[in-house]
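In the two complexes below, chain A is the common chain; its partner is chain B in one and chain C in the other.
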Partner chain A sequence: MRDRSLQYYLLVPAFMIVVATTIYPLAYSFITAFRDWDLSKQRRPQGFVGADNFTQALSDANFLSTAWVTAIFVVVSVALTVVLAMGLALLLRRRGPLHDFTRIILILPFAMSPALIGVSYRFMFNPEYGVIAKGLGQVFPPLAGIPWLADPHLALGVLIATDVWHWTPYMTFMCLGGLASVPRATEEAARMDGASSLRILWDVILPQMTGVLVVVAVLKTIFALKMFDQVVTLTGGGPGVATETLAFYVYKVGFKWFDMGYASALAWVLTAILMAVSAGYVRMLLKERKMATA
Partner chain B sequence: MKRSVLSRAAETIILLVVCFVALFPIVWMFLTAFKNPRDAYDISLNFQPTLQNFVTIFSNPWNLGHALLNSTIVAGATVLLSIPAAALAAYSFSRFRMKARKSLFFAVISTQFVPAVVIVLPFFLMFRSLGLLDTRIALVVVNVAIVTPFVIWMIKGFIDAIPLDSEEAAMMDGASRLRVIRDIVLPMAAPGIITSAIFSFILTWNEFLFALILTRRHATTLPVALTNFRTERGDLWELMSAAGVLITVPIFLLALVIQKHFTRGMTAGAVK
Partner chain C sequence: MADIRLVDIVKKYGDFLAVPRQNLTIEDGEFLVLLGPSGCGKTTTMRMIAGLEDITEGQIFVGDTCVNDLPPKDRDIAMVFQNYGLYPHMTVGDNIAYPLKLRGMSRAERREQARITAEKVELGPYLNRRPAELSGGQRQRVALARAIIRRPKLFLMDEPLSNLDAKLRVTMRAELKHLHHELGITTVYVTHDQTEAMTLASRIAILNHGRIVQLDTPERIYSEPADIFVAGFIGNPAMNLIAGEIRGGVFEAPAVRIPGLDAGPSGPVVLGVRPEHLRIAETGPIAGPIFANELLGDSTLVTLRQRGTHICARGPADFRRELDQPVSFAPTPDARLHLFDAENGNRIATQSF
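This part shows the complex of A and B:
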């Protein structure tokens, strides 16, 4: 049967693209991670330095601080997004004009360019003329004149807000997809027995949603670990280094300081974290599929 | 099933608040785009609307028309290169039970989780030695890298949903596999493929990191051009907002066109 070879021929174009544009650069930066290469002084990569670039990271206070910032960012933004998305999905499960309208509106934040989101939040949180900063100050006078983006904690908070605003709609759609496959029968039966809505949510709906919720949480974790665009356009990493994420720090080391060896090593630390998370994700998908076919 | 008036009212209020939160930053940007510079620094809604900002961003020294052209060409070329390759691969993954299928598929998918900042380092060095920095070609190459695995995943979800019957019937009649793909599968998968194409257009259009690192002047795309409005005189918010409207309107229109398929395709791809 000719299908035998055709099934692989069909894959060739896509694989050529993936190999040339992903596998090759990955291998290249992996090798560079073990070399000494200051691009501002040297045109070509210098000698191999073993794991020096990696051990440098462990004593680099800047790196440790970005790792900490990234960890806080990931935990808070994932938790908020998952809870909000699940709640919204429960509301939007019903039909109605306002429900349908909300579904359509939710597409917009997701379609908006993240760089632009950063810019527009920076505008809105400007203490002198930003509409949110000023509006809050007028409604709650104690909040007037707070320098949102000049305070390390508040700036990180605003950064998280941009990310939650951007991703909650998408994750809501994923939760809605999951809810659609939860059979209504058990729910109706529980309601007949007089169970409260909260009980039904907790005992009937959520247990059947765990698979989808884990997928949502892991995907969001992956996206959050890569956070870059809004860091540049909202805070520039500041004040100081308070909102520098790992991806931003790699960019800074590589393209502001031109230390290619160290930047590659840091990039691979980030890649390793992401691969570990995605490996867990892939295993979960496989397990789910097995359960679905069983 | 009856629900109390109170819970219905609460639901309405929550949804209105959600719509407000989702729309407010967008509406504010659109309003600011039509303000003159003085009004942009005032949160009052009482202002004389002007189109001057849109004239300004297209003229010297901003010349956003050039960035608009770059964004369109880069996003368009990325879609044209990645969609055909991805559609073929998606069909193969969906229909054949090859031995290495599972591991190949997950190899493709996991490349999607590689952070862009890792890929861009070697590409920067490579384009530098090839003299391709600050060209549209460079941007298309890296964007294809990010988009292709993602689109394979999406299109596979759509092809999975197409019943096998008509395909099998045609093969019984002696049609070759390639004919079946061209005459039966592609037409049936067309809505899904168009959705995926629009989706990857949006991803590329909004892409920021690659464009920031690999371009300086000639090949800058719209999201990077935004950063030009941060000047020594401060941020020119009214111009930034006008540029924001320029970036957003085409994408919003595309997103609304595929709205229905979009939500379905996304959930199918990710959850299945």
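This part shows the complex of A and C:
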């Protein structure tokens, strides 16, 4: 009997830490989302305002623009990452010294801090002294002197590029894992059946990879939705609000404009979206596992 | 229809010589079995014919065309893989019809063809299932149907029965033989199972260390093995191989003294005699204590042991004698005795008794 209760006592410290660092802040922000709180004037959340903070978002042009930017960012960066990762995996699946070496150094972009990626890309795309901006200008003269980060569309493009550069290697590894589980005999059978390499990829390899590709896409979607670091260090959300993502906007509303009630509400909107996508992800993982054990 | 010729084929993996200079002609319509222990180069040889493996040196001809540089899809060869290589995301029907789809046949026609082919291998009711929902034997049939649906010039089968249980293997063996008879398509079949080779082949090529040791009909390989390796590999139970010495037509080994042999050879030799060519006798040239009795149903395998040498004979089913009791074996009237060179293993002579 003592042993039975002891096991729960032993859990108490860990539980307290989780409550203090995760559950309490979460609950606090959830309650704050329904209250009025201007941090520049008040030390504590004020009265309840019902769902006002949420309805405010619907008529907030800034929020809607942010949501739009985030949507574009997610769709383009996920699509590019998945396609590039799959392509790289196909190129790197063969064994050999060069392939092995490339696989090893491929992890480097992923090892870099996202904030630093933003800073270095800001330098590299500087029209005056940036190596990429200069290099592109040298190779394609019409591209010389383009102010990459001052143009709304181009700046978003560069932001997407940093993210794709950062995530593609990791996703390539996931695709390589998936490729390794495609039985060699199915490809050889297709070759004997008369399929070209492209048909083999399309008819035999990709259909057997759908599970992995969906996992890659969903994971990448989750990460893209949270995009924040490079927005701060690369574009600062600019020019104007052209590269402001949802996460960045939440930060701006809360810590620049000190409207904590509204920021909390927006944060919970983002959380709801993330939870929906994550739930889908977990569900798929379970299904995969079930299929794998079947 | 065409014959397949392998001319001076060599395969190297880096420094490793997998197949040293092989010459082989597969005749139109025959069922050729490549037989050998694992790692003897039989699968590599087959994969080179298929085009799945590059040829280091030499040429492969299908008819008069050198196919060295043709990709598999242009060789008109179908292959059945050991683990089937079925497309798990396609139904049985789509699996079978995939080669036709690649050749641009219309959907309706493909379905009809797949249905007819599936009937032939008794898969009719399973057309809409997926491979994962089938048993091993059924999967094997799907692989077979996918190979025969396009009537290729040549079938390649890479140990197609080795993943099946023993009983199913025997059934499928008969079906393969029937199918070959019905379609008449030249077939190359790789296996390490000598029973499969004996039952299926019109000719067997026995490989050892990448070399063809003997290429002949099953009958002749059984009755006139080219060397000790073939002698020991073919036949179940295996041939008795007794190391001894021959002088003046008398073979002598521990527990064995057989006179009346060819007077020509002399010196150390290995005598080969199959268990079915030895009978249990009151007195005989081979004698020793019984090591084991194994009842097979229609007969009993009796093994005697004398100074480390085991010799096995096929006795009557009702043979009963305690272990360690003395027993004698004598050659049957139709017995064939083989003498092999003790040095290089080659057959020196075969003699009926």
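Keep in mind that, in the parts below, the second predicted complex is superposed on the first by the 274 of 294 C-alpha atoms of A that agree within 3 Å, B and C clash if a C-alpha of one lies under 4 Å from a C-alpha of the other, contacts with A are read in each partner's own complex, and residues count from 1 in each chain.
Throughout what follows, a residue touches a chain if its C-beta (ideal position, glycine included) is under 8 Å from a C-beta of that chain, and two chains touch if they have at least 3 such contacts.
The structure presented is a predicted model; accordingly, all values stated were derived computationally and were not measured.
Novice: Considering only the touch criterion stated at the top, classify A:79 as touching first (chain B), second (chain C), both, or neither.
Specialist: Neither partner.
Novice: By residue count, which of the two partners contacts chain A more extensively, chain B or chain C?
Specialist: On the superposition, B touches more of the residues of chain A.
Novice: Taking the superposition as given, does A:194 touch the first partner, chain B, the second, chain C, both, or neither?
Specialist: second
Novice: After the superposition on A, what does A:6 contact: first (chain B), second (chain C), both or neither?
Specialist: first
Novice: Return first, second, both or neither, reflecting whether A:207 touches chain B, chain C, both chains, or no partner chain.
Specialist: second
Novice: Quick check for you: in the superposed arrangement, does A:183 touch first (chain B), second (chain C), both or neither?
Specialist: Touch status of A:183: second partner only.
Novice: Looking at the overlay, what does A:26 touch: chain B (first), chain C (second), both, or neither?
Specialist: first
Novice: Now for A:123: first (chain B), second (chain C), both, or neither, which partner does it touch?
Specialist: Only chain B; A:123 stays clear of chain C.
Novice: Please identify the positions on chain A that touch both chain B and chain C, taking each partner from its own complex.
Specialist: Shared contact residues on chain A: 191.
Novice: Would you pull the chain B residues touching chain A in the complex into a rising list?
Specialist: Against chain A, the touching part of chain B is residues 1, 11-12, 14-16, 18-19, 21-23, 25-26, 28-29, 32, 40-43, 81-82, 84-86, 88-89, 91-93, 95-96, 98, 102, 104, 106, 108-111, 113-119, 121-126, 141-142, 144-145, 148-149, 152, 176-178, 202, 205-206, 208-209, 212-213, 222-224, 226-227, 235, 237, 240-241, 244, 247-248, 251-252, 254-256, 259, 262-264, 266-268, 270-272.
Novice: Give the list of chain C residues in touch with chain A in this complex.
Specialist: Contacts found on chain C: 50-52, 71-73, 77-79, 81-90, 98-99, 102-103, 132, 143, 146, 156.
Novice: Tell me, which parts of chain A touch chain B in their complex?
Specialist: Spelled out, the residues of chain A in touch with chain B are 2-3, 6-8, 10-11, 13-18, 21-26, 28-29, 32, 39, 88, 91-92, 94, 98-99, 101-117, 119-124, 128-131, 134-135, 165, 169-170, 173-174, 176-178, 191, 211-212, 215, 219, 222, 225-226, 228-229, 232-233, 247, 250-251, 254-255, 260, 263-264, 267-268, 270-271, 274-275, 277-279, 281-282, 286, 289.
Novice: For chain A, which residues count as touching chain C in their complex?
Specialist: 183, 185-186, 188-196, 199, 203-204, 207-208, 294
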